[in-house]
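Data block below; observations after.
By letter and in written order, the chains are A, B and C; residue numbering begins at 1 in each of them.
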Amino acid sequence: MIGKTLRKIYIGLVILFMYAPIIVLIVLSFNNSRSRVVWGGFTLKWYSALFSSSSYMNAFYTTIILAVLSAGIATVIGLAAALGITAMRKRNIQIMLFFTNIPLVNADIVTGIALMLWFVRFLPLGFMSVLVAHVTFNMPYVILCILPRLDAMDMHQFEAARDLGAGIRYAFWKVMLPDLMPGIFSGFFMAATMSLDDFVITYFTKGPGVNTLSTKIYTEIRKGIKPEMYALSSILFLLVLIILILINVTGNNASRSINKTIEEK
Amino acid sequence: MKKKIMCLIMSVCMLTLCACSATGQTAGEDNSEEQSLTVFNYGQYFEPEMLELFTKETGIRINYEEAATPEELYTKYVSGGISYDLLCTSDYMIKRLIDEGEAKEVNYRGMEHFKNINPEFLKLSDSFDPGNKYALPYFWGTVGILYNTTKVNGPIDSWDVLFNGEYSGQIIMQDSMRDSFMVALKYLGYSLNTTDEKKIREAADLLKKQKPDVESYLVDEARDEVVAENAVMAVVYSGEGYLGHEYNPDLAYVIPKEGSNLWVDSWIMTKNCKNTEAALKFLDFLCREDVAKANFEFQYYSSPNKTVVDKMDETLKANNAINPSYDSLKDCEVFEALDEKTTALYSELWKEIKSE
Amino acid sequence: MKSKKVRVLAIPYAVWIVGFTLIPLMFVLAKAVTSPAGGFTFDNLLAIFDPVNRKSLILSLLLAFISTVMCILISYPVALILKSSKIKNKKILMFILILPMWMNFILRILAVQMLLSKNGIINHFLTMAGLSPINIINTPYAIVFGMVYDYLPYMMLPVLNCILAIPDDIIEASRDLGANRLTVLRRIIIPLSLSGIGSGITMVFVPSMTEFVIANILGGGKIQLLGNIIEQEFSVTMNQHLGSGLSVTLMIFVLLTTLLFGRHEDTNKGFVL
């Protein structure tokens, strides 16, 4: 019993550690003062100012589109790559992992400037160039999330399905993919997060007028972050929270009803 | 259920793909009737509503780009990935761009609202733009000390308080190579543009000796730290000096008596600018009374525009961060671009100071 | 699964790596071995041995190492607790743990600064509770705090994924065969989660080597990590050649360590399984 409470306390502490800064930021979005260290009373004015500012809203849309799109592309290519890599010989796996790590190791500013120098030769800087850059630095995260899952997976099930006459595609979709799903999902999630957080690479590869929340924040650090930014980030945070809850709730209902039908049969 | 998630992810991807190809089209479409300008400026340095107003009045669309530091602005500019028409940056970077032939000569005197610009600042710009052929002053200011009047013993009027150890652990310095060296050089009584290696090394030794007393090296966040009373004093730019006082009335800003850095940020038209007529319209728009006022009130750096200063209310006019007296400016100097050897020396010494 | 067909799946990725990782890397390499005036030189690569740079490298390594170990120590128990708990919906808990990443990174670090600073929120609570305030802002401790805070999810995700994927039957079977908890942990869970930890280490250790924003904001600019120096060569002193050189040496260094680590992990696995 004591063990159980201790566990709960531990998880609680970890969650507190992770959420304390988030709470601070959400509180700041209601702060009537422009300075982040002075509490000027409660206000909703930053939220209303936000919706009337086209530059913030554009940055908001670009950020979301970019995050989802780059994470999506990276997940598809990365999943294929992870499957391919595990089928390789050990030595080749090592080589592939070596190259996978390169975008992680390079300092952002080096990657950003190098990509910019490369892009100006054939690709006009704009939304596309940022997208390509984001997919590039997202893929390692996807692969690193899926590979361990593939390693820990019980391949016998897949082989059993094959032995029982399932085609390779069928066995993949029905047996392997469901098992890989958590890895794929966390890869996608992490990729989207990386895309959301990056500012240096985006800054150097973006075209005129293309802005994300991060590049806006980055240029604002020097003169002080505008409170609208806290409001916008809080909205984004809540949006993702709601989406995740929805997925979980509908997902659970779906799996429950499937279980039910199986039991009935 | 897992398939569902996958479907969801895929459909979201498809949707966004459609959405962005749609937006991409509208953005990329080069409407021949619509004129546009690509403008490069520091972050938070322009009232966004004024950009909208300009488009409304003239029909010229603005692609607005921002940079955090002059060096970043330069790196991005010279890569040539984006063809900028106009850019705004600091004195020494303006000089570098002019020297490299990146700027286009502009006849500012032909502009309708140019008369609003105080000639004093054209004289000042002469040091980095001889003959005022290229640069149009946008904002100017000083570097000084923002301090908490309730926590200091006696008046603050000298850089000495940063070096005498009295406020050990309570000082925030600028996390910028030239600004920190400027403080030490001025304190020692040298010019901030000196290329004398001995003087520069002396300044570096002083900064090294000072480091244990320094609470942190920050940029403009320094203002918030003093406002929150995490430190007693900080070296800041004048705009932050004014805002610091706004947020916490106990704070005051001073330009030390040894003199300091006087800086001017200006606009130049780049050599790539094709639509000079539209660009001139934009520059003229900036000098207009209402626009200059809106931009001034957006961030409270001093404006070289006479109409703004004349119509300011008395408290603002009397504020030494916004409207310093000529007397306090007499020992202030404008940064000049340093030669390669001195730059290398500066960065080597700065690295040593920072990693002490 | 070891068929050629499957290996083909890695081709798009390989093409992408060549096109957008290796070719841009060539630009960096070219800069690294030339001087600003033009002409071939090894100076930029050897600059890592300068006393100032070497000191930052060692400090970076140390802080990255401590942060990585702390991340493992924090996330492993979480994964174990979740594994053994009877909560049906483990996924939602997992999401709760990684959701903070959807707040912008710079904003989060600024918030951490507000928590830790002298008159910050934590000290406010501490003095209210009659305890003595902590003073870690602008020290290496604050940087480690920030790095652990920021990179914890990158460790949490792969470790959780891996441990939750271990089939319960294996654990039950070994329990039935008389293994006690510790043995199960030592002989089954830890070996099976090694690849997850490996991924986590890469995702935490490697970026924390090149990080500069955390060190700038939480270290108060008083602590120079190698990431800060590289960033400054590019954005302050504008010596892109030296910056590239330092970056390339750092890259070689880190890639070699991960390669060594990868080998080590493989032999381990072979031994246990």
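Assorted remarks:
Following the convention adopted for this analysis, a contact is a pair of C-beta atoms (placed from the backbone, for glycine too) under 8 Å apart; a residue touches a chain by one contact, two chains touch by 3 or more.
What you are looking at is a predicted structure, and each value in this text was computed from that prediction instead of being measured.
Taken as a graph of touching chains, this assembly is fully connected, with contact between every pair of chains. For subunit C, the chain with the farthest CA centroid is B. The interface with the greater number of C-beta contacts, when B-C is set against A-B, is A-B.
If you average the CA atoms of subunit A and of subunit C, the two centres end up 16 Å from each other. Inter-chain spacing, taken between the CA centroids of subunit A and subunit B, is 34 Å. Of all residues in subunit A, those touching 2 or more other chains are 36-37, 113, 117, 218, 221, 252, listed in ascending order. In subunit C, the residues that reach two or more other chains under the touch definition are 234-235, 240. For subunit B, residues touching at least two other chains, in rising order: 69, 72, 75, 221, 225, 228. The touching residues of subunit A, when paired with subunit C in their complex, are 7, 10-11, 14-15, 17-22, 24-25, 28, 36-37, 77-78, 80-81, 83-88, 90, 94, 96-111, 113-115, 117-118, 132-133, 135-136, 139, 141, 143-145, 147-149, 151-155, 158, 168, 179, 182-183, 186, 189-190, 193, 196-197, 199, 213-214, 217-218, 221, 225, 229-230, 233, 236-237, 240-241, 244-245, 248, 252. Subunit B contributes residues 69, 71-72, 74-75, 175-177, 211, 214-218, 221, 225, 228-231, 343-344, 346-347, 351-352, 354-355 to its touches with subunit C in the complex.
Put simply, subunit B touches subunit A in their complex at residues 1-6, 8-10, 12-13, 16-17, 19-20, 23-24, 27-28, 38, 42-45, 48, 52, 63-69, 72, 75-76, 79-82, 84, 219-221, 223-225, 227-228, 239, 243, 247-248, 299.
Residues of subunit C that touch subunit B in their complex: 52, 55-56, 117-120, 137-138, 216-217, 219-222, 224, 228-229, 232, 234-240. Residue ranges of subunit C in contact with subunit A, taken from their complex: 1-3, 5-14, 16-17, 20-25, 27-28, 74, 77-78, 81, 85, 89, 91-108, 110-112, 114-115, 121, 149, 152-154, 157-158, 161-162, 164-167, 192-193, 195-196, 198-199, 202-203, 206-207, 209-210, 212, 227, 230-231, 234-235, 240, 243-244, 247, 250-251, 254-255, 258-259, 262-263, 266.
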